[in-house]
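You will see two complexes here that share chain A, one where it goes with chain B and one where it goes with chain C.
Let's turn to the complex of A and B:
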């Protein structure tokens, strides 16, 4: 029997780790001492074993634990480093994995683990007026009553011409704040601040039941709501030892691909808009309505489809719906062919995309890029193919790879992916398995940990779920694809023209509501009525 | 005296140019909207925008010189309205005329762009300053070829007087003999008006509204009117020079609207060019084509064809 990837990892980690065990067939957990963490990470990286997918923080009473999840195909190696709660600190792995910076900043802000030698310690997610010693995801932190601290104004730097983009800016209809230092038309530095739309969802899941959390997590994102519910359902089902029936899994895949179609069409329009190509923007969004209508007909909703329940799905497809869906897919395929000609042939558009923002395969790997952005650089990262979930094993998709790594490749990768989605939707509808839609799910889920990864339209979506055997989950960690891709986008803008910045940012398809979900900010300690809110606004601006 | 005042304030200058500008702006917006599968504005929307802006509070950003801030839109509007008096409008002969007025009109039209650029610098806003840099860059890019393109018909007519050139061009479609000049003039007008795809100076996805980001109320209304008036004057000039003249109101309307449709199509068809691409477009291609055209006309003119 050939040596599996997990065996190889176990050998690699033999000297630095201890207590290696396999909680699930595709997972290897290894305990490491904080002082051995860098050695362990280096031995994995030197052997090019996978990539750092996420860092999960856990609060185990006297100890705080950080879980470094490395993924390679379907296999996951988790390095578990514990540190004393009173004096929590871990070494930074940024020297080995530059893309780990955002994960470490998240960990240190939310859990209060001091990251030694971190290259960037500025705030990423928490509000500016959040106290420095309140760490929201520690179990003993009561987030309902966090005092506000005065915001220190930062000394302005001289001789720098900074162009701020966001949190309110026409380039970005989403709340992120970027600062680009410009020398004439050329960007010389870039920085990022997130957290303007924090809702504290990770914390909130811990006080809700497994069933309530499904509906909460579906609201993480307004574009890819289904994949969040799907990743959560698959994880919770695995913990409970339940498998959803085949028909449910097929319908889950079907809705996933419908969601991908609407997300990619939306993205194409946004990119065209950033390029000042308003006609393409208007046409793609008009045609996107076709798939939105179909999703609404199928699920009753346009944004939060609510297709999943724990143990299966709550929607079914009859012949009439299937027929309408096939017709819609035919129409969209024909339109997409037109857009493919447009983005691949229009001279003015190509001048804004070809050879712009080139990210080599090596860069993409080092920067931890996932999803279509990685595939446009020739790096195969597609959970649907690498670690098939739901019905992707029976109805596989062929990942679309491009190799030039420029904006054009990122556009083409997504547009070509649409054809794959159309194909698989037809296949699903033709071969939909018969049978029940839901498997019975227990109310309490037995204690354990699992990792659930699905391919969101923007790339790998990572869920870590921990159950303590009660009705409430112990910990749910969400790592969205945008967090991985954002740092690469910033990296690409330096040295480019200011005019390319919006397109480069849009090129990774950032989704801010996915990013901003970790913190709970409670202004008055209770719910405000509409009247109170408008009263507050009037007084605030008076 | 009365006739002169009417010419100055009502027709063909003053009110007529402003009203016509608003109507043409609406037509342009409506056409682009329809090309893009949108509904587009109602017919009175541009006028409603102006009225609304006039009623709005005027904000003077801190650090800006209020006098200059308020004067710039006035200068812009005044210069384009002055330019309109020397251009044949609505099938009427030009209100005023002197030898060399073509050069003066071209400079007055440039003054609008210069005022927009200065407005950006005056407001001391980052987006406005970045936008102003682009406005001036773009002015330097298109101005020379545009001038060369409009000088073509003048050379052919052996006159620097717009009325004379228009009279000479009347009945002969110079677009046939000077196609390059015609194209350069159209694209130059698009650049002058900062319309897509040459709208880098006010690219909203990068610079919010470019130079005019900080303008509100009266100043913004005035700048918009100035741009609308420039649109009309530019269209009238090109129609008179290249499209066989516009000696009566019907042909004036038909020809300017036909040009407007072309410009609207161009706006809907292309992605925005980056400012460096705009400059490259003009100085690598546009200017040489325009100079070639001018040389050809000059030589042909000298040998007496």
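Let's turn to the complex of A and C:
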């Protein structure tokens, strides 16, 4: 019998880890001492065993635990490192995995684990006025009345021009904040601040019931709401030992692909808008309404469709709806062919995309890029194919790979994926299994841990669920694809022209538009008045 | 006499072409994509003269989505303060109206009208584009009333 990937990982971790066990057939959990963490991570990375998908923090009373989840295909290796609550600290793994920076910043802010030798310790998620010693995801933290502390302004460095983008912009889907340091027109450094939409959902899941959480988690993202509910439902069902019936699984896949179509068309429109191709923006959004109408006919809502329940789905599809869906897919396929000609043949558009923002397969792997952005660089990362869930085993999709790794490849990868979605929708409708829609869920979900991964339109969506056997989950950790892709987008902007920045950001699908033009000058903590500013300008240019 | 005439001219101009700026203070994007959809061909709110603008300094109407997060509260105020008067605010979606499903989350301070004054409320999770258009048209009707009384 050939050695499995998990066996290989167990051999690699033999010297640095202990207590290896397999909680589920595709998972290997290994305890690691904090001082051996870097050795353990290095042995996995040196052998090119998968990529770091997420870091989950857990509060186990006197100890805080960090779970480093490495994924390779369907297999998941979790390194579990515990540290004392009173003096919590872990070494940074950024030296081995540069993309781990955002995960570590999240861990240190929300759990108060000090990350030694971290390259960037600035705030990522919590508000500016949040006290430095309040860690919301620790179980004993009361988050109902957290005091506000004065915001210290950052001392500005001389001789550099910073272009801030966000948090407010009309086409900005996510209120993030970027700072690009520019030398003339060329970007020399880029930094990221998130948290404008940080609501504290992970903490909120712990005080709501398993059923309430389904509706809360569906609202993590309004664009890919179905995959969030799906990842959660699949995880909760696995913990409860329930499998949804085949018809429910097929309908879950159907809605996933419909969601992918609306999301990719939305993205194509926004990218066209960033490139100044307004007519393509308007046409794609007009055609997107076809799929929105079909989603609404099927589920009753345009955005948060609530197709899932724990144990199955609550919507069914009849002959009339199937017929309407097939007609809609025919129309969209013909339109998508036209878009393919436009984005692949329009000279002006190609000048904004071809050979721009090239990310090699190696960079994509090292930076932990997921989804269509990784596939555009020739890295096969598609959970639908690697670890099929719902009905993807019976109704598989063929991942679309491109190899040039530039913006053009990222556009083409998404447009070509649309054809794959149309094809699989037809196949699903022709062969929809008969039977019930829901399997009975037990009243309580038994204690345990599980990991649920699904392929969102933007890439791998990662859920870690822990149940303590009560009405409420013990811990739910969500790692969205954009968190992985954002650091790669920033990496790509360095050395490029400022004018390419909006396209490069949009290339990984977090939709950002042109540069914010209001520069907020802070000098020694004071905000300048208009008079001071004009005085400064006169003196500066004199 | 002269002031009354100026008010009428201003209201007339606003009714015919209100410029809109959009701010997301912690939304899940659901309302935001529906707002963008109202500006695209199927719903085409531009037929009422409504134009989406990039800068708050050019805008008459602020459309807000999402619960207000702690980090965004100050930014929401700043965006509102940058708009020239007279200005109007439309709160779109359950979260903007009440905090919605995110009530009680530690990052959320509340609903939009706890931070800035709101003129029109559009409920829904998310509201349909038709409902957003209805909200905008109701605001225009309100302005028309002001113009008639000025």
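A few remarks follow.
Heads up, the rule we're going with is that the second predicted complex is superposed on the first by the 507 of 542 C-alpha atoms of A that agree within 3 Å, B and C clash if a C-alpha of one lies under 4 Å from a C-alpha of the other, contacts with A are read in each partner's own complex, and residues count from 1 in each chain.
One rule holds for everything that comes next: a contact is a pair of C-beta atoms (placed from the backbone, for glycine too) under 8 Å apart; a residue touches a chain by one contact, two chains touch by 3 or more.
Computed from a prediction, not measured in an experiment: that's the story for all the values here.
With chain A as the common reference, the superposed partners chain B and chain C fit together side by side.
Of the two partner chains placed by the overlay, only chain B lies in contact with A:502; chain C stays clear of it. Look at A:201: by the touch rule set out above, it reaches chain C but stays clear of chain B. In the superposition on chain A, A:380 makes contact with neither chain B nor chain C. Ranked by how many residues of chain A each touches, chain B and chain C are led by C.
In the superposition on chain A, A:303 makes contact with chain C only, while chain B stays out of contact range. In the superposition on chain A, A:136 makes contact with chain C only, while chain B stays out of contact range. In the superposition on chain A, contact is made by A:286 with both chain B and chain C. Contact with chain C, but none with chain B, is seen for A:127 once the two complexes are overlaid on the shared chain.
By the document's definition of touching, of the two partners only chain C reaches A:146; chain B does not.
When the two complexes are laid on top of each other via chain A, the two nearest Cα atoms from chain B and chain C are 5 angstrom apart. On chain A, the surface touched by chain B in one complex and the surface touched by chain C in the other have residues 169-171, 281-283, 286 in common.
Taken together, the chain A residues at the contact with chain C in this complex read 126-130, 136, 143-144, 146, 167-175, 195-201, 203-204, 207, 215-216, 219-223, 225, 266, 269, 281-283, 285-286, 288-289, 292, 302-304, 513-514, 517-518. Across the complex, chain A meets chain B through its residues 161-164, 169-171, 182, 184-185, 272-283, 286, 346, 348-349, 351-352, 497-502.
The part of chain C that touches chain A in the complex is made up of residues 21-34, 36-37, 40-42, 52-56, 66-67, 69-72, 75, 79, 100-102, 104-108, 125-126, 128. Within the complex, the chain B residues that touch chain A are 32, 35-38, 126-127, 129-130, 133-134, 196-197, 199-200, 203-206, 208, 268-277.
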